[in-house]
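Look at the two complexes coming up: subunit A is in both, with subunit B in one and subunit C in the other.
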Partner chain A sequence: MRSVGWPSGGIGQAASLAVLAVFVVLAAVPSLVSPFDPLAQDIPGRLHAPSGAHLFGTDELGRDIFSRIVHGARISLGTALVAVALSLAMGVPLGLLSGYVGGTPDEVISRLTDVVLALPAILVAMTIIAITGRNPVMVAVVIGIVYTPALIRITRSVALRIRALPYVAAIRTAGASTAYIMFRTILPNSRNEIYVQTLLIASQAIVIEASLSFLGLGIAPPAPSWGAMLQTGRSYLHAMPWYGVFPGLCIVALVLSLQLLAGDVRRRL
Partner chain B sequence: MDGYVLRRIGSLVPVLFLSSIIVFLLIYMIPGDPVLALLPPDPRPEQIEATRAHYGFDRPLAEQYLRWLSRVATGDLGQSISKGVAVGRLLRESFSVTVQLASSAFLLALAIALPLGIAAGLKPGGRLATFLNFYATMGLAIPAFWVGILLILVCGVWLQWLPTSGFRGILRDPVQAVRFLILPAITLSLPQSAVLASFLRYSVQAVQGADYVTAAVANGLPRRLIVFKVIVKNALIPVVTVAALQLGHLLGGTVVVESVFSIPGLGRLLVDSIAARDYPVIQGALLLILSVFISLNFATDLLYSWLDPRVRVH
Partner chain C sequence: MRDAPLLAVENLRTEFPSPRGVATVLHGVSLTIGRGEAVGMVGESGCGKTMTARSILRIVPPPGRVTAGRVVLDGRDLLALSEGEMAGVRGRRIAMIFQEPGAALNPVISVGEQITDVLRAHHAASRGDARTRAIELLREVGIPDPAARLSAFPHQLSGGTQQRVAIAIALACAPDVLIADEPTTALDVTIQAQILQLLRRLTVDKGLGLLFITHNIGAVAQIADRIIVMYAGRVVEDGSVDAVIDTPQHPYTRALLRAMPTMMARREERLLEIEGQVPDLANPPLGCPFHPRCPAVMAHCGVQDPPLAEMEPGRRVACWLYDHASVRPT
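Now for the complex of A and B:
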């Protein structure tokens, strides 16, 4: 996965961290700013324009769009968190094994990784969802599986590089076990590369969740997923253009700040 | 045909075999009786028995796979559950739509990426290079479906310049076809051109430092000749691979973009069939997409080995 850098430096980094912090707070305690229950319907008050009471107006069932967007942060970030944790848990050990031990495990792991990485992530995710059906946890798990190969590849390449360094030879001579070298010697020294990849995967996980929900294959209604909101908002562009704009702005803000942070870390490597 | 091509064709066989097995096993991996996955809801008992016999579900798995493969090889992909027509027909119709969309988006992406990438690469600190930084960051950060929605809002709803949903065949009505294709093609080409232009820029920068460029400059070749005959020509070689792989990834992009603009293409067909649990169509669509991918990868390898004969040695 690549991040194409926008030389941002101090201000970009501070802004990215601020945006990220805001969304994390919203995801943790949405009731802090959300004035309404995101699921509470009010059919007579449907499709209202933005007003003092309803900052972003109301949707087709009279639900407060602002509250739904605020609660959507939890779905978006929650999915990304589960997906990232899962791909770390699977990708890092497999990547270390592939890069440090080599041989047949490396052959098998690399071949499978190549196949999955050659396919567009959204298609792989859709195929797995076609088999498993969809529920919020499954969607996050599927995204985690889809991005595991990206982590395997980066961990493997770093492990390959570090394996050749003198200190690895030294500790092997001192009698350290393979597991010790993999997890206590190589892993700590691969931390930064893995961190960059983790940020990029988190940003992609947010996009894929939104895309799947937009297609009706992700988080099921009435849960306030930004992608699903955009799908409905698309049908009301004539009457309420803001409905199709605000959820998208949130996605872009989150994705952009994660990618800029990844770019910053990479430049400091 | 030489040894390299034969070797590459040989390596295709296991990939095709593996893909077909995965697609075949799809209906066995879903929970429940695979026969029910191939039938409309609440089938009659005699229907279940007929289907079971037709597909040979009572036979060993390996035999079922061979039967399935021979049916697929003759173009029999079964019947759609939700639409009641042959899967082959659905695939043919929707694939031609997706090919038109993807190829126009690809041409557009090239038209943006080639000049932008080359110009930015030739002048790394210049204004275009800065613009490319911005363009690439945005192109990768903004999800395609939201770009599509914004384009619909601005060009369709407010300015009323272009149609915002649907599709016209390019052969039947070329003018209308182009009008319907403009917004989806722009949406689809945005991330592609961002990746291509960035890659081309770094390739051009790398080639500029090569000895043969210094030699060409030292020999007093005119600047224009050096740029187009030496730098760009060599810089394009690695870009060909990326471009061809991007063409494959366009297929992933069409899934979302076709839904935004209500285009009856392959991606839309796949999304609808997954939602409707129409497994014969899902299997057919996946098989077609995987075949396209494998062929594209194969064609890329051949093209690359022709452009850069050094890779044949391995």
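Now for the complex of A and C:
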């Protein structure tokens, strides 16, 4: 039987899933939750402390911080989603090719992977964005490219292990093509390892997006990016600590829950 | 009186480069398999039985490779085919089943899908046709309630049923040759007998050529028409089951038969073991590879490797005891 039903990972896993679910709902339908337009300015009401009307207070332009955080979830998770999808689409086939076929393709792919992995992800991302300019899709694409080597590495190592197993030899003797063995024999047997890596890449994509936006290289204002809010909030850290704390907490909660889930899956491998 | 064989292996040589030198795992193996003929291949671990099978199908694990010889099927040398053409031969002309049926099935795909995938890869059958054919195949290999079994995953099945499924996959594209590499070694004795019977029946009914690899001479006697005895990457004796078991010629075959436990033997009788060790393939002894362990060793044995000579039609032995004519002066 394939295991279905309630995950058996304990409180940590349940909490992680709950946190993730909350953010996914926020990202999917932010307007249902947020009481204000995240871009609506109210200069007279600027820099208010948290209150009944403004749950997390207002920022330097009088915008509702709670509404901006809710809408920020879409930017954060959307970036992660696009980045993960892209690195899966590129990394998994290349990793399978490298690990199963070996030889020259493996040499070429592995050396290129080494080159990209040798460079700090954030530096590569900053350089590419400096060249291409900042737009939300580009930020996600760049993060996806930067994390593709990680996925190539993990897929390759699993493919190397699985290709030596008897069922690969068996299906070869039945006349299976290389593509069949890569995608139908090895891939389904690698899905747990790939799943773990995917969760880790998602969590890192969120950190990178926030970092880029914090540095003013990510999502352009006035769009509500958590990283950019953290940057502005830094200026008011002594007078209004809540401004920077709430977006920071959101980043931590989201990243932590993704990492805990990844760790949980890995322990059960 | 024999027709042209279905599959002829000629002088197959397979080598593995290693840091200690090149290990020659197959040292000029020649054999034939006829239609409807079950050939049993016996020998100790590491004698080249599995490598013979893998070399025929060209799935020798790297860095090993076939360096000489021919594998002739229908007048075509399989070793000369492109990898793409060879993929069309595997499954469709020559199929194989393995020792551990549980490990030879993909654990995350249902049994039905594994069979239909093979059918669809070779015949481009529709989904419905493939399903119907998969049910027929499972019935043919003796699985009860085959339609219900299609959705099962390998780990839900017993070892015997897993091996039957593996046989069904191997038979999916109606191959001419079936290679069975120790198909019963991992199974219970009663299940072993059932699988042997199934393979025997399929060989006769479908006119398959069966190459049955085992270290169990008892199993060979039950299923095979002919026995090929291998030692250190060579065929040392080849003949009908009766001839080889009743009148073994090669000293190694005799030793192997004496080392086999039988039901009739008394506890007081000691099983005879073969003295010495299997030779190091990267550094084999000069001359006949068996001569350091051979009870009938002669001076010439350590000088020259005996050829596999035909003693009478259908009976071949590689031993200087029987082949004085080709002893070259030394």
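Structural remarks
One rule holds for everything that comes next: the second predicted complex is superposed on the first by the 260 of 269 C-alpha atoms of A that agree within 3 Å, B and C clash if a C-alpha of one lies under 4 Å from a C-alpha of the other, contacts with A are read in each partner's own complex, and residues count from 1 in each chain.
As a convention for this text, a contact is a pair of C-beta atoms (placed from the backbone, for glycine too) under 8 Å apart; a residue touches a chain by one contact, two chains touch by 3 or more.
Here the structure is a predicted model, which means the values were calculated and not measured.
Superposition model on subunit A: subunit B and subunit C are shown accommodated side by side without a clash. In the superposition on chain A, contact of A:L215 is made with subunit B only, not with subunit C. In the superposed model, A:Q259 makes contact with subunit B only, not with subunit C.
When both complexes are overlaid on chain A, the residue A:A170 reaches subunit C alone and has no touch with subunit B.
Of the two partners, subunit B and subunit C, it is B that touches more residues of subunit A. Of the two partner chains, subunit C is the only one touched by A:T185; subunit B is not. By the touch criterion defined above, A:G244 lies against subunit B but remains apart from subunit C after alignment on the C-alpha atoms of chain A. Of the two partner chains placed around the shared chain by superposition, neither subunit B nor subunit C is touched by A:P35. Note on the superposed arrangement: subunit B and subunit C approach each other to a least C-alpha distance of 13 Å.
On subunit A, the patch touched by subunit B and the patch touched by subunit C overlap at residues 2.
Across the complex, subunit C meets subunit A through its residues 54, 57, 59, 61-62, 87-92, 94-100, 103-109, 114, 117-118, 121-122, 153, 156, 166, 169-170, 172-173, 179. By the touch criterion given at the top, residues 2-7, 115, 118-123, 126-127, 129-132, 203, 207, 210-211, 214-217, 227, 230, 233-234, 237-238, 241, 244-245, 248, 251-252, 255-256, 259-260 of subunit A touch subunit B in their complex. Interface residues of subunit A facing subunit C in the complex, by the touch rule stated above, are 1-2, 102, 164-167, 169-177, 180, 184-185, 188-189, 191. Against subunit A, in their complex, subunit B makes its touches with residues 15, 18, 26, 29-30, 133-134, 136-138, 140-146, 149-150, 152-153, 156-157, 194-195, 198, 245, 248-249, 251-253, 255-256, 259-260, 270-271, 274-275, 277, 279, 282, 286, 289, 293, 297.
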